[in-house]
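Pasting a structure below so you can have a look.
Chain nomenclature is as follows: A, B and C, assigned in order of appearance, with residue numbering initiated at 1 for each chain independently.
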């Protein structure tokens, strides 16, 4: 059961299947993609109209489709946060004063409320979509390389890449321990007892990870590590990247100006 | 407590980024001065472990479950500088892979869970340890630090949300209240878990705790092994 | 006879005070193939780490290629390649290619040279085409091969392997024997191998040390394996074939088969001889 869960988990969240494909978005320079994501998210944050948000989200969906990401995978990956947002937004429908659509004794739904909730959820969804599109179409090692090229301090990039590498191992270890614990518990335990077991598992994990870290350090030293990590990877911005970024900028400008100057809402 | 993109105004997000940057610089310098290059892989495997640990749910009072934020135990085991860097990396990977958190809100999340969530527990812990100078002091400090760290982080998150008048549909009072109340319950769980982990580590492998090296120079030093 | 490695009265205690090695001495000649045998917890991995200059001896001395190990440790590390017991410790980059090029890049080689060596090393272990794969998505055996590649790429003069056959399938083992043979014959590499895999030892080693915190025995494989009492006491087994022939000898009540075969090939020869000449 747990190993099934682990496979599913890896498959959903850490799959590099789609980032190693070779379609339009995958081919764009990762720096350009990071920049574009930030730009699209910023526009979504600034947008005030449902229409703008719908257009932005549609564009992102089109991009994900041309990068051959299965719609199902994309939806699973992007629905978690919007669902949670929906929970938060739900009360808005009832508490916002304004035009009543529905009025049953206590329940009181207004157009303003629905609009407010909808735009909130849609905005969050657009942002998540744009971020997950970046993740799904870019190999993790390329994101790290791009960060290195963008002069993010080495300690971050080196640590992120080693951390990422060992996350799977840690999750595996943690779940194997949980499984071992499950197989040895036969009755319902008190909460305090449960926290206690968890704490002892976490401290064991801590000690193991510490020792693993020491061994990894030795392995790095054995191969000449002296505090810095070099990289062969080269990146270059070509015509395709320039065109892509111009399109993204164009979309951003259109969206912003239609909102602010033409008053589309 | 992870704030996704779209919840905060651009202005608030930018301010939070600007607030965090000096702490990043400070921590990178701090880590370099107290840790050897040996600690880079060490910090990385521990960060991976804390990432995994954040995915385990633990039961809290009131019948719900929550997951460990991990800030307090990171602060105590790695020190505040490495703790902040480690937390930054956890938040980055969570944002990228789970969409839990965001790019634009990254600064705000790091401020809440990395700066407040690590430095506050550390300061409370160190102060109690130095005043009481025994194991009991450490454990009380760890509990209060974890609790305060969680609650303060939540209050900051509430403030940021509430002050985002354009994008977040609820006002400051509601946001701060909701976050604060919820996380004071979670904070108790975090406190208990932190104390338990710390006491197990102290009895099993106190040599792994590097508090002497981590403590800022302006605090008087204390020998942990003597206080066992 | 030039010494590749000379260890004298080496003791090592872990930081928690646990004494893992007690006055160990051993010598390895250039281009020799030496096995270190011992039960779990005997200190094999610890000894190999010490020889690679990754741990500091508590007592005693280690000389590598005639020089004390603490003198110019970086040079020595580039001459010794160690493959760790757990490949997960050794593969720490997001892609296999980055892992393979990590060592050569640190050695300051030119880019062309790094790329050439990287490709070559991956080809040697049969992992060409795996460059962009993430280490955590490899199978256990592939991880082991990958770990070996990350070391071969540095072209060490002394190659240290800690449990190299763990998780390898029969084909993987055969390939490993071929790689090792090739390195030994053509590149005059010196080999030290710690293992439990008794059937594998006769294929890749000429001499062995039996270790259990201290050195218990030392000698050519034939001599070591003919002392089955000592092996038993050290908690070790004999190669399957050897055990079989000991049985045959016992059964026939004589030392008919001498020397006792260690590998399948030797055993086949022996059986042929016995069949032709039953007396």
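Observations
What we mean here is this: contacts are C-beta pairs under 8 Å (C-beta built on N, C-alpha and C of every residue); 3 or more make two chains touch, one makes a residue touch a chain.
Source: prediction; values computed, not measured.
With chains as nodes and touching pairs as edges, the resulting graph is complete, every pair of chains being joined.
Counting C-beta pairs in contact across A-B and across B-C gives the higher total for A-B.
Relative to the C-alpha centre of chain B, the farthest chain centre belongs to C. Distance between chain centres (mean CA atoms), chain B to chain C: 45 Å. Centre to centre, using the average C-alpha position, chain A and chain B are separated by 21 Å. Multi-chain contact residues, meaning those touching two or more other chains, occur in chain C at positions 92. Touching of two or more other chains is recorded for residues 162, 164-166, 169, 212, 216, 220, 225-226 of chain A. Among all residues of chain B, those that touch two or more other chains are 41, 205. Those residues of chain C whose C-beta lies close enough to touch chain A in the complex are 49, 52, 54-55, 74, 77-78, 80-82, 84, 86, 88-95, 98, 101-103, 105-107, 111, 114-115, 132, 134-137, 150-151, 154. In the complex of the two chains, the chain A residues touching chain C come out as 16, 20, 139-141, 144, 161-162, 164-166, 168-169, 212, 215-216, 218-226, 229-232.
Chain A contributes residues 13-14, 37-38, 41-42, 44-46, 77-78, 80-81, 85, 89, 92, 116-117, 120, 123-128, 131-132, 134-135, 143, 153, 155-156, 158-160, 162-167, 169-171, 173-174, 178, 191-192, 194-196, 198-200, 202-203, 205-210, 212-214, 216-217, 220, 225-227 to its touches with chain B in the complex. Looking at the complex, you find that chain B touches chain C at residues 41, 205, 207.
Across the complex, chain B meets chain A through its residues 4-10, 13, 28, 31, 37-38, 40-49, 51-53, 55-56, 58-61, 68, 73, 77, 85-86, 88-90, 92-93, 95-100, 102-104, 167-169, 189, 192-193, 196-197, 200-201, 204-205, 208.
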